[in-house]
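Here the chain labels run A, B, C and D in written order, and each chain numbers its own residues starting at 1.
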Amino acid sequence: MGEIVSLEELAAEVAPGCKLAVPADYCGVAMSATAAIIANRPNNLHVVCVPVTGIQGDMLIGEGLVGTLETSAVTLGEAGGAPRFQDAVRKGAFKLMDATCPAVHSGLIAAQKGVPFLPIRGIIGSDLLKTRTDWKTIQNPFSDDEDPIIVVPAIQPDVAIFHAPEADRFGNVRIGRRRELLTMAQAAKATIVTVERISEESLLKTEDSAAGVLPALYVTKIAVAPRGAWPLPLWGEYGVDTAEIARYAAMARTPEGFAAYMDGFARRLREAA
Amino acid sequence: MPGYSNRELIIATIADLLDGIRHVAVGASSPMPAAGAMLLRARNEMAKRERVRISILGSEEHNFFTNGGVELFDCTAQGRVDAFFLGGGQIDGEANINLVGTGDYPQTEVRWPGCFGSAFMYYLVPRVILFREEHSPRVFVPKVDYISAPGVSDGIVRPGGPHAMLTGMALFDFDKQKKRFSLRSVHHGYTAADVRAATGFDYDEPAVVPETKAPSAENLSILRGRVTEELSESYPAFADMLRGERKEAA
Amino acid sequence: MGEIVSLEELAAEVAPGCKLAVPADYCGVAMSATAAIIANRPNNLHVVCVPVTGIQGDMLIGEGLVGTLETSAVTLGEAGGAPRFQDAVRKGAFKLMDATCPAVHSGLIAAQKGVPFLPIRGIIGSDLLKTRTDWKTIQNPFSDDEDPIIVVPAIQPDVAIFHAPEADRFGNVRIGRRRELLTMAQAAKATIVTVERISEESLLKTEDSAAGVLPALYVTKIAVAPRGAWPLPLWGEYGVDTAEIARYAAMARTPEGFAAYMDGFARRLREAA
Amino acid sequence: MPGYSNRELIIATIADLLDGIRHVAVGASSPMPAAGAMLLRARNEMAKRERVRISILGSEEHNFFTNGGVELFDCTAQGRVDAFFLGGGQIDGEANINLVGTGDYPQTEVRWPGCFGSAFMYYLVPRVILFREEHSPRVFVPKVDYISAPGVSDGIVRPGGPHAMLTGMALFDFDKQKKRFSLRSVHHGYTAADVRAATGFDYDEPAVVPETKAPSAENLSILRGRVTEELSESYPAFADMLRGERKEAA
């Protein structure tokens, strides 16, 4: 548990067909690892976005590695829509499981708690239900009146992946107040994490530092990847590289432009590090 | 020249629509709602009225949540979020909103990002303000192509829903019983006929449509001073734009 | 929200008949505030123990203030059984809602999430179900086979109360990794907290400190109570006063001994502070 | 004199019962299970076998949980807790356990603390070891007065349950199909007849009942050295008691 390995060994955990959970842009996205995963070309991935994605999801889609996309949104933020996503949707290139943010959280929490489902308010009357036939409507067993409520099934990813500021050499990872990372990791069968650096001292050492820690028990593999979220931001460490995201947004409008962008992406990642 | 820009009018109107709330959540890329909330917060402070909390989602600085992305939704379900803003690529006359795309789902011709939390927040926040600056028949359609979240619901627990709709041209009320919008006022520079022509769905309209209440001198002063300063922390580009428009309006 | 008041004003939040949530001994128990509450004599309390209680619950029971007790256990730990609890159970002095720890957590999480119930594994076949008729068995809506599962209703306390090391002057409270305190507070209509000290600097100031914070949004009132958990421990601050708990355990064996103990309790609290 | 105390035998037996696990949770006031787990951890480390994690509940030092009291239960439901210990004021021949009290519920004559997490852990931890040092007809009853958690369940999801039962006198296996204990071995100093006389329920028994495997010299050495040191951090009084008994046994 919490073994420290190379980026390549870490990326190898993402096998073809696996259900891969990825966090939102503000939570620490493992972009260096994404390049390493793309190099392995694991196809037919079922990507679960917790609860949304951006450039990471768009890249995996553009590379043709996504078989199913489960997400509440895909967007490049200020840089606009996600071009490879939009194109793939139009072409019906993958199975699309549109969601709504709290339902993704509830599905992961169900897996975290080892229960088959969680109830959630709202949603009824949304067209989401027309295609999310895996969501069911039941009668609230605690109401004598008619009270339909949605239940969403547990989401158990095969692999959860994210980028964090640091891990300690015991395999504990600092997640601060990004608690969805803990939920993702506990819900998943395996969790792989890239970090800016490894601390020699245990992150569990003080009550204060322990409060923001994902314990090693839930961490499968860790790799060091300096500036590993670039061009996305890492909380408390560095901001978004707006120009780079805009450059991606412009180039990825066409398959050719996307290919050209990706061609140099891994190289630029190393340069940025 | 009315002495204020259209954006300043919208911001002041948002502050009025939020009057009485204690906690509003706004998106990280929603400077106008944030500005309206900041204006309300500032003027309540000066009048020693109830304190207004503003959660700017995704922000590191203006985020007092500590339980991850789920906290906004839990907090909302607990009844602790009084107001929220929703938009939509399409909005129809029954206040249904579409954040997904146009054409036949799933292979929509135009694809927008997705529903985000709308299929939850729209049901549970007591005061949802529909806000879309662009006022055109492309946005305000007779019937949305995809219902991300419906305007009204029967037979389910739904403490929340649409409170008003604000656009670059006009302000509407929404009647949940009649499932219809009614035009409350048009912004300076527009007529009721302009609004009718730019709206793809039918709605009620009073015999005489008033002009949207102009921001008071005091409100404009707070907005141009303290609020613009506060905005420039989280939305520097937007704050600069406001400053620019102010010069034009002056 | 997060208003700093006197201990007396804080204690006044606990009205007769209210549903009061209290944490386990290791989580920070507001003992000074308990003495202040007892002075007000709010009767017919429905005490929800999250998920168990010790001397605090036993005192409230001994004072005759408990109308309903919802708990997974009552114990004085190494000092043995809780005498006033045992005596009151024998006499049927209150409504007893025996529970099991994870069901209490699930009930609070349901309230935190604004859903009417949460499912939970286990429990079926336990005699708990004979009296916990508020827990229901339903068919797992996601299973084609027969798969009964328990659903527990949301627990929404009127007031949650605990003791913590510090709050800041903005009303934020440090809870470290005692995450059940956050769940309790979010589930409750009002939350009152005693603290060792008030910090002038915001606890949300850094990402590291923010990770272990209950935001002011969920905090109704705060009072300063130095050594406010005594004789129980406060994590990261001071240990349990074993001798004092043993003294209580011995004296509380009889109603008279209990009365004698309580007679000086508030005074000794002030001395210990 | 066998060269080891009864407690040392129990601790070594617990280590054997835990063999193969990777994560065991023990209560804050359960020094014997903790000692057994520490013995396994130490000897696995020396043999370069799988690492053993020990969660001591309620401990500040030996607690690597960071998500509050619910984490033990979530972690268990995720299948990440391999072993757990349960006791009971009463245990019956079908492995039902009673942590609530004797007599008619709710006004039980003798009241114990309560069910704690037993009505969950007993169902979900694959290897639950029933452990009760006192071996008497008062504890081992024909039928418990209150079922905090049943020994076996039909028709429900139940990946966990009783793996073995260890007392101050003997070690039992449990057959989930037959819903019956069977005596595996008796500790040094006791006979099968002693066990029968002290047990209020019926159970299976082989023709010849072996003696519980004595701790090896190596195990005793680790236990008396490193493990006693480790124990004295969380259970100082217990560590002292072990040291005292060792002198007597020697």
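The working rule: contacts are C-beta pairs under 8 Å (C-beta built on N, C-alpha and C of every residue); 3 or more make two chains touch, one makes a residue touch a chain.
All of these numbers come straight from a predicted model, not from anything done at the bench.
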item: C-D against B-C, pair bridged by the larger set of C-beta contacts; value: C-D
item: Distance-maximising chain from subunit C - centres being C-alpha averages; value: B
item: Distance from the mean Cα position of subunit D to that of subunit C, given in whole angstrom; value: 29
item: Separation of subunit A from subunit C, taking each centre as the mean of its C-alpha atoms, in whole Å; value: 36
item: Rounded Å distance between subunit B and subunit C, as computed from the means of their C-alpha atoms; value: 41
item: Subunit B and subunit D, separation of their C-alpha mean positions in angstrom; value: 60
item: Residues of subunit C engaged with two or more neighbouring chains; value: 113-115, 120-121, 147, 149, 177, 182, 207, 210-212, 235-236
item: Touching two or more other chains - residues of subunit D; value: 60, 65-67, 73, 77, 124
item: Subunit B residues within the subunit A interface of the complex; value: 28-29, 58, 60, 65-71, 73, 77, 99-101, 105-124, 146-150, 153, 155-158
item: Contact set on subunit C toward subunit B in their complex; value: 1, 111-115, 172, 182, 186-187, 204, 207, 210-218
item: Of all residues in subunit C, those that touch subunit A in their complex; value: 106, 113-121, 136, 138, 140-143, 147, 149, 151, 153, 175-177, 206-212, 235-236
item: Subunit D to subunit A touching residues, read off their complex; value: 23, 51, 53, 60, 64-67, 73-80, 124
item: Touching residues on subunit C, where the partner in the complex is subunit D; value: 24, 26-27, 50-52, 71-75, 77-78, 81-82, 85-86, 89-92, 96, 98-103, 105, 109, 120-128, 130-131, 146-149, 177-183, 235-236
